[in-house]
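Chain naming follows the written order as A, B, C and D, and within any one chain the residues start at number 1.
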């Protein structure tokens, strides 16, 4: 039984703890911490955890009954616990984004390189989604030849909150594509550009420009257009289509009952993200648990992947100011992260 | 320019005349007759035909300016004009059903056999529908192997009229499948059975039992279930699925715009038959015109096909009384109708 | 942690144990028995179970460290352990079919009625399949009105083994529809009929007639045709379409990648059952574990459901001799099994 | 019967003449001209036309037995006959592109403005395609709200000829989207940009860069990405998806038989354009004939639409040199072309 220490007890922490308690095998939560102690206590109580409520993140990481750390705190507080976990040689699963600054990403990567070992897994759960998995496998199989162009839709019925900003379409929504696309295309990003098409007049959120189109170019030349729309009204949809030299592969329609009624043949569309990636959330954490339990480095998205996403998102947010393409630059990829 | 004489000037006659005037090539209507003279005159006027209004069906058939006859009169009045046309060696396109009695069908077939030539085409327009054509071609190609089982839906949004009867589901609706199925399966009918499943409580038509299931067995063993439903409410749909030894072939969904709206991914379904077979109605009559213009016998459904449909429908209506399967018996197929 | 005693250590036992060890929560296997002791030992070893190998089924059932029993032995050996478990007031999950004789089903039901409590869950896993769940919910919601007709396909790429018999299409394949259909339609069976359509000439299995069509009629009149085909060649497919008074609901196509290649737009079809019901197998046993752990009777298919399936399958196999419909008769449903 | 004079007797002329002879109503070809007299004679002979072979385009236009002109000659020879037809006040249907220079477009427009009447219809047949028609109607109905973004695919199995150039992807392929998009979006173009993604290594045509992405921005802000691919290998596909404020509307999959075989559920994709727009070619010319016969100006794409396409295509070809967006500039739209 792997002992997990949890840092940050908000909404996504609830998802992970619910999975650990009700769906995953081989792990339990033994220590929890939140800057708001009541939040930590509430979580322990809600799920009946036999976990201690720590008084600091550090206390969680250093605890003897903690084998690995799960970081779910606010985005700008991931850095310290990740660094401390690496120093303590404890594997750490962190929610995305890994950190909020490029410099911090570099430090985390440096720390792993110095340790000569990978400890970090970043919570880009889409890689564990069975349909993305099929897409990756199909591309790698050569069935459609080399991938040349892509088209994605990341559509929400309505924005997640009234405080969702123009930048959040990038650092909260597009961040997922920023991880998945280089993985699918087996390539690196050359540039990223954000453009604002005709805006949606039904958008109630003044501080948020919507929709947006992100155009990603890769070093081998592939171009992918990602359409972001937080006011689709009709439903929540994640689409990804890859055009290769010999064919096209794309995520399938999500399986819902086939209905004939009211002069329509139809299936229903999800309202929000909660159904779409349920299984992916479980599979990513189970894989982390299984790898760690087997004394292996995590097999999911690495600190380097977190770094890529961070730089790409930063540049995309920069591009929002001019709508011009900006170069995505990263240092040389350390050998530790070569496959 | 082929000169056509039209007998019967009701609704379906209007469809054919509209096609002749606006869509088909190489034919014009030169003589028209209806027992209600005003109906004939109205049709001439509506379409600006330069056609004479005859005082009898016979006058139409015998007219020197009539090369071929189109019979659209009431179902029970097809027989005489068809016989007279055959005797006059004039090709005749008749609406389905060819006649309303088995004895009359036999006489028509006998007349053609005696003349040593086929003159009659029966208006089973589905054979000219591009999707049924594809289905036939695919079966004949061997792609799915020998056809073993079939499943059809013949669904209307609401019944055509308040006078539509229990028998009309057979002689007006199923009559189309009674022609198409032996053609698709390259086989002959062995038996036919009608059963009444749980009845639709929304059915406003007391004189009509709805839905009904017709089970057809063929001589080589194939079994096809045809589901008839005049109160589908959701729309008009004609489906036909053929299960072969190595695969399945079925009519595709009817192409309508792909829509995402209101939490649904959908396409609209037709309200009634008027859109579904527009092209088939044009193609069947154009083919009749082209064959006749080329001094050939019609290439569409023959008098023998009309005879098969007549017997099959008769037996199905008999079966409604007991819900038991009844044998479909026909005399030996004359050489004239062998391919 | 719920302690499970396992009786029968063959292939399906492996599936359940694999799930218990790797996917399910809250249960462990503590005792195992198989008439071939080596089979039991191999299972314990393969999954690293800390379970004792018992010398009889009875020893498993009576063991103090067994809270509930899982019966996976040969079909004709389910009866004794189920009866003993009921007498011991221990919940028992049994693979389908519950037993192989109507008399035994009656005795199991009698035993539960006498105990005033339900202990048995029968392994009809389809009820736990998310798509069947959606179908059930949609019907119950009234969206399509009362269910009037159904159409199912139960197609295998090739027969499971060379020993698969004409009867096995009923007691091994159709048995699943025999459970699912009365559940979906909220009705009871009135009659069942098996017919043999044109046979598949590619069938290599001389002892097996294939395909077959089972026609089920329900007491409220609904008619369902189930097409069984063990030599579909194109793939494994489970389809279920329900036609209601106002619309149609049917299981969706199974989600596989959308592909454009080789002049086709396509998705791949499963080769066999192993992918289709993976989740359903997990959910049925998890539900059994959760209910038992909460000191409740199992919530899945009951002994009465097992009885219905047994009688229906028996009558269907009888019907294979004449291809005539046979009445499905059951005694009065005891109050214990009323919802 | 409308008398048509045909200028240019190549491949597309054959398509139109075949339609006039075999499918369209109310028109005949009375005069034909081609710079290669044998080509004109061959066409007359092939279709049994009772048409005179003229010795110049002018002779066709001025002929007393010519009511309207059809221009199918080489792209760079459309200008003179169009101008002469306008001067002669004879309606003229011209194949796309209207002319090959912006200056000529301006002169044609000026000539019509001066005449105070529209005579020209440009052969952008897609506007007559029933699915594009549905798409236009749906957008105009407001169902999906204002159109914000678009995504198109214009894919060919293999390039039309070995001489197809990098520019031809724009002036021969994209030219269709250059007409259809402003029509669908009810807007004008602001800029156009061509980019070359990773190139297809299977491309056998050295002089042609493939694929290409054209990004069109409209004055109200809408952005549309058009993916052009002449080596799709898998088939010919024309796709158009419009994302509006409240939903998405897109062209449906082209109806081909639904097949289950070889472990796939699939439908076949067209090999080339010949099937896709058969009906549109007929409808566009029939509409021209009907309008002219009714003494009305043509109702299809106007000289102004031809001008827009010309300028847009020119700018796109310019953009191929830098891959930068270029402004699309047109003079003020004359009142004659306001709806």
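Note that in this section contacts are C-beta pairs under 8 Å (C-beta built on N, C-alpha and C of every residue); 3 or more make two chains touch, one makes a residue touch a chain.
Because the structure is a prediction, the values reported are computed rather than measured.
A.B. asks: With respect to inter-chain C-beta contacts, which pair, A-B or A-C, contains the greater number?
C.D. replies: Contact tally favours A-C.
A.B. asks: Under the over-half criterion for shared residue numbers, do copies chain A and chain D use the same patch or different patches to meet?
C.D. replies: At the contact between chain A and chain D, which are copies of one sequence, the residues are largely the same (over half shared).
A.B. asks: If I average the CA coordinates per chain, which chain comes out farthest from chain D?
C.D. replies: C
A.B. asks: Go ahead and note the Å separation of the Cα centroids belonging to chain A and chain C.
C.D. replies: About 39 Å separates the centre of chain A from that of chain C.
A.B. asks: Calculate how many whole Å lie between the centre of chain A and the centre of chain D, each centre taken as the average of the chain's C-alpha atoms.
C.D. replies: Those two chain centres are 45 Å apart.
A.B. asks: State, to the nearest whole Å, the distance from the C-alpha centre of chain A to the C-alpha centre of chain B.
C.D. replies: Measuring from centre to centre gives 59 Å for this pair.
A.B. asks: Spell out, as numbers or ranges, the residues of chain C touching 2 or more other chains.
C.D. replies: As it turns out, chain C has residues touching two or more other chains at 232-234, 246-248, 253, 260-262, 267.
A.B. asks: Mind pulling up the chain A residues that touch chain B in the complex?
C.D. replies: On the chain A side, the touching residues are 157, 232-235, 237, 253, 260-269, 271.
A.B. asks: Where on chain A does chain D make contact in their complex?
C.D. replies: My answer: residues 145-149, 151, 153, 195-202, 211, 213, 217-218, 220-223, 225, 227, 229, 231-234, 243, 245-248.
A.B. asks: Taking the touch rule as given, give the residues of chain B at its contact with chain D in the complex, in rising order.
C.D. replies: 21-23, 25, 131, 134-135, 138, 143-144, 246-262, 267
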